[in-house]
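Here come two complexes built around subunit A, the first alongside subunit B, the second alongside subunit C.
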Partner chain A sequence: MTELLEVEGLTVKFESAAHHLELVRDASFEIGTGEVVAMVGESGSGKSITARAILGLLRRNHRMTVEGNARLAGRELLALAEAEMREVRGRRVSMIFQDPVGALDPVVSIGAQVLEAVRRRRSGTRPEQRRRVIELLASVGITDPELRAKQFPHEVSGGMCQRALIAIALAGSPELLIADEPTTALDVTVQAQVLDLLKRLRDERQMSVLLITHDMGVAAQTADRVLIMYAGSLVEQGPTADIFGHPCHPYTGGLISAVPRVDAPRSRRLVAIPGSVPEAADRPAGCAFHPRCPLADDRCATAMPGPRRLGNQIAACHRAEEARDSQVHRWQAGPGGGGAGRLPEERAAL
Partner chain B sequence: MLVGVTALIFFVLRALPGNPVVLLTQGDPGITQAQIRHIEDNYGLNKPLLVQYGTFIWHALQGNFGVSYLTKEPVMSSIGAQAGATVELTAAAVVLTGVIGIGGGLLAAMFRDTWVDSSLRVLSLFGSAMPLFWTGVLLILVFSFTWRLFPSSGSGTFSELVLPAFSLALAGSGLLVRLVRNSMLDVMGQEFVTALRAKGLPEYQVLVRHVLRNALVPAVTVLGVQIGALLAGAVVTETVFTRQGLGSMLVQAVQNKDYPTVQALVLIIATVYVIVNILVDISYAYLDPRVRTTLTK
Partner chain C sequence: MSLGQTSIAYPNREDGALASEAVSPLGGDLNERSSPWWFRRRALRRQIFHPNNFILGLSCAVLAIVFLWAAVPSLFSPDTAVGAYPTQVLQPPLGKFFLGTDQYGRSIYAELVYGARSAVLIGVLATAGSAIVGSLMGIAAGYIGGATDMVIMRVVDVLLALPGLFLALIFVAALPPNLMNLIIAVGVQGIPAYARVLRAQALQVRGRLYVDAATVLGVARWKILARHIVPNCLAPVLVLAAIGFGFAIIIGATLAFLGLGPTTPPLNWGALIASGQGYVNQDWWITTFPGLMITAVVIAVNVLGDWLRDHMEPTSR
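For the complex of A and B:
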């Protein structure tokens, strides 16, 4: 598989009078052509900041600086002038958002917002462009697109808005779609429909997808590869089956045990990792995860682990081998956790 | 509300010291008590106040505001003659207020936290803090006495309209500049603006087509209130620039206790104010489809 996006050493700094923070720290990953890559981490990990940095959407914020490289088909994005970056946005890389209703202009009709994206290609007559709007709306599974085009965001459901946003994102036939928690605000049935739609689009258009989520279940259902982000750093990455089969970072294990499970006994259906992600200003020394980590030792509290390769995976953990071998997430899930470990592999095989 | 306004002005006028008969007789000292009573009879001034008020309302509903004590002409025809100049002035001022307020707000938001933003902040503070007559006098000093660009008084030609319209607009647009700026910055913090940029729209399209349009919803309310202030301001401005118009007419009528003229003018101004506010509510529905939805439900 050829790599479409190569991110290397991506660092996002935030400067204010009180703080000098690294919201994202030295993140490196690739996305292949036609590949769905999930980026998973609890809220506040730095996922959205990473996505926005790639699209140059942090440039207006004078307090943020973005360092490192992000190459799209070999072309460096982060060094592009704003006008060139604008040509990339919506045409080569598109983005959809967590709150679909809030990501649409409330006072402009849905059709007009799709039309605006269609017009950016500067081709076709007005009637042709209008027809294209209806086609796009229909292609993302919106029934009665003529009517929907005339409606406003507040008049339709969240799922419908997310479909409209996907239509907008597709208008420029991008090679990469960044989906930032696209289903978090939607209810479960709609969530499954939207994920199916994304997978279908990937198959039909050979489009790559960076799917950001805080839900390992979503990653298991959808992704070819998984990136795990914690406190601004990528702590683990690898093929979905490997990540779920033998996670090499205790945080990954914790995320897997936190997936709600229908088959598990009620008592251990959902095991959240104790504690929460530290704000960028309050990150502890050493490994940022060590205060919450069941395997942490003295070294973890002082030295920050660098990424290491273990088989198909890359993990940033001093005790990655122990984590992999002890399968810490199984005992985190409670006694007799052997069964709990099986399901993710089944999911990954789906 | 209109009824309240008429009642208020009717009774306040009559509570003020002074006697309209003096005006009617041009202060003739040789007038007899019997003559005064005769005049009062003719104008209904000796009837109980409530009866007078009832008669006024009854006639007003038929479009009859009586005869001016001062000119002895029907009030409505003098108003008709003077209205043109005032309509011209306020219309020009409304347009200027809108252009300065929205344009200034847009610029301040686009260049926020730069010198553009701070100078607009200072200017709008001056504009809204200075009393209207003072702004007028200042404009006259600078633009007609020092630079001799525009005449300081008169009404009729376009160049005579420039300074009074500007002095009115400057007072009203200061607040609007701040409001448009702040509500644009509010809107710019919303997710859909990031989404529009992610779509690859050029920044000016994001700002003008989307952000400004959203920011206008709260701005229009203020513009509506400002139009009320503008009507009041027209009175001052017409006096400062010695223009013809309903404002000057009102000042004169009040000074002379010309009850019918004052009552008619106040009623007209109040009616215009109500109509403007209805128009503002309608424009809400035009600007914000969410309002439209709740209205049709």
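For the complex of A and C:
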């Protein structure tokens, strides 16, 4: 699989009179052609900032500085001039957003907004462009596209808006689609439809998808590979099966065990990672996760762990091997499996 | 104040006592075409004479009359504002002349009718001018930001530092006294309100997700400005304009009263008041009727502006 997007050492800094923050720290990852990569992390962990940095959306904010490299098919994006970046946006990389209703202009009809995206390619006559709008709307599963095109965002449902947004993003036939929490604002049933749509589009168009989510379930369902982000750093990445099968970072393990399970006994309490994500302004020294980590020792409190390769996975943890092998994470291992979802003692009692 | 919130906007929705009569026990709306004509007439009469709607309707009527006067004064007055009857000076109202005559023997009614054009022109053109210029300044400041924002808003601050009337006074005193300059002066004092509100609006809209969404599509900045920013900023302009319209008429009349408007007939209502000043003790009608006209128009505009504001609040969008 050839790599479409290679991000290397991406760092986003925010400077103000009171703060000097690193919102994203030294993030490196790749996305292959036709690959769906999920980026998972809690709110404020730097997922959206990473996506925005890649698309050059942070440039206008003079307090933000972006360092590192992001190469799209070998071409450095972060060094592009604004005019060149505009050519990349929409045609090679597109983005859809968490809040589909907010991402559509309330005073412009849906059809006109898709048309705006179609026009960007400057090809075809007006009627051809109109036909393309209808095709696009139909291709993302919007029923009665002619009617929907005439309607305004407030007249249709959130799921419909998200589909329209996807249609807009697809108008330029991008190679990479960045989906920033595309299903967070939607019902579970609609969520499944949208995720299926993304997978179908990947299969049909060989499009790569960077799926940003805070939902491990969404990542497990959809992604080929998973990136785990915590407090601005990529703490672990690897193929989905490996990440869910034997997480190498205690945080990943915590995320997996925090997913509520319907098949768990009622007596089992919901698992939560103790504490909360530190603010970017007061991250602890050493590993940012160590105050919440069950495996933390003295080294974790002083030295920041660098990424290390363990099999198919890359994890930034001093005690990655122990995390991988520890029983603490075994009992919540992956989908299926006899003892999955039960505490060890419960399993023993069976 | 919430005048006229109800039935004018939604002609099919009745309120109060009317609603109970208008809806049949079967749930059908008796005001539909199927109901008998006499019933509809009574319902309509109730609706129009409901206190809220009555005031709104009256305001609309006043404005309609004034606009008609401004458009075709000759239809409404047999006399002209210039033509005088030297033998009929200072006639009281309800005699040979409906509203009496002034010290030159001119019909007050004719002067009011012919003076409407000046008031309406000032109201419409000055308001439109300050709305357009002020909105563009505000949107440019808010959207572009940085140095542009700084320069534009400092200019607005300077305009805002002086009271509106004083500002207009400076302009009109510096320029030759004709109607166009009066309009410009009144227009300039209205600019800051639009600039400030629209800047805030543009700042807000600039941060909306759909602007980012258009940016990631690769849409050019000026296209985003024209297609997404401007249309989404315009909601408050109509309301501001409705309120500014009445204010523009007052300022125009004030300047004319001070002798800073056109000095040849047809005179602005403000100038009419000024011309009758010396007679106010005995021949009150020269000053009273133009004053009442100004008051009526401004109240009417404000009632309409209030109604607009009630119906165009952003929450209702």
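Definition applied: the second predicted complex is superposed on the first by the 325 of 350 C-alpha atoms of A that agree within 3 Å, B and C clash if a C-alpha of one lies under 4 Å from a C-alpha of the other, contacts with A are read in each partner's own complex, and residues count from 1 in each chain.
We adopt the following convention: contacts are C-beta pairs under 8 Å (C-beta built on N, C-alpha and C of every residue); 3 or more make two chains touch, one makes a residue touch a chain.
A quick note: this is a predicted structure, and the numbers were derived from the prediction, not measured.
> Clash or fit: subunit B against subunit C, after overlaying the two structures on subunit A?
clash
> For A:F152 in the superposed arrangement: first (subunit B), second (subunit C), both or neither?
The answer is first: A:F152 touches subunit B but not subunit C.
> Go through the superposed model and pick first if A:E3 touches only subunit B, second if only subunit C, both, or neither.
So A:E3 meets neither subunit B nor subunit C here.
> Going by the contact rule set out at the top, does A:E22 touch subunit B (first), subunit C (second), both, or neither?
The answer is neither, since A:E22 touches no partner chain.
> Considering only touches as defined above, state whether A:E67 meets subunit B (first), subunit C (second), both or neither.
So A:E67 meets neither subunit B nor subunit C here.
> Examine A:E322 and indicate which partner it touches, taking first as subunit B and second as subunit C; both and neither are also allowed.
A:E322 contacts neither subunit B nor subunit C.
> Both subunit B and subunit C touch subunit A; at which residues?
55, 57, 86-91, 94-95, 97, 99, 102-108, 116-117, 120, 165, 168-169, 172
> In the complex, go through subunit B and note every residue touching subunit A.
Result: residues 190-192, 194-202, 209-210, 213-214, 217, 287-290, 293 of subunit B touch subunit A.
> Hey, which residues of subunit C end up touching subunit A in the complex?
Contact set of subunit C toward subunit A: 208-210, 212-220, 227-228, 231-232, 317.
> In the complex, go through subunit A and note every residue touching subunit C.
For subunit A paired with subunit C, touching residues are 55, 57, 86-91, 93-95, 97, 99, 102-108, 116-117, 120, 165, 168-169, 171-172.
> Using the touch definition from the top, list the residues of subunit A that touch subunit B in their complex.
The contact residues of subunit A facing subunit B are 52, 55, 57, 86-91, 94-95, 97, 99, 102-109, 116-117, 120, 152, 154-155, 165, 168-169, 172.
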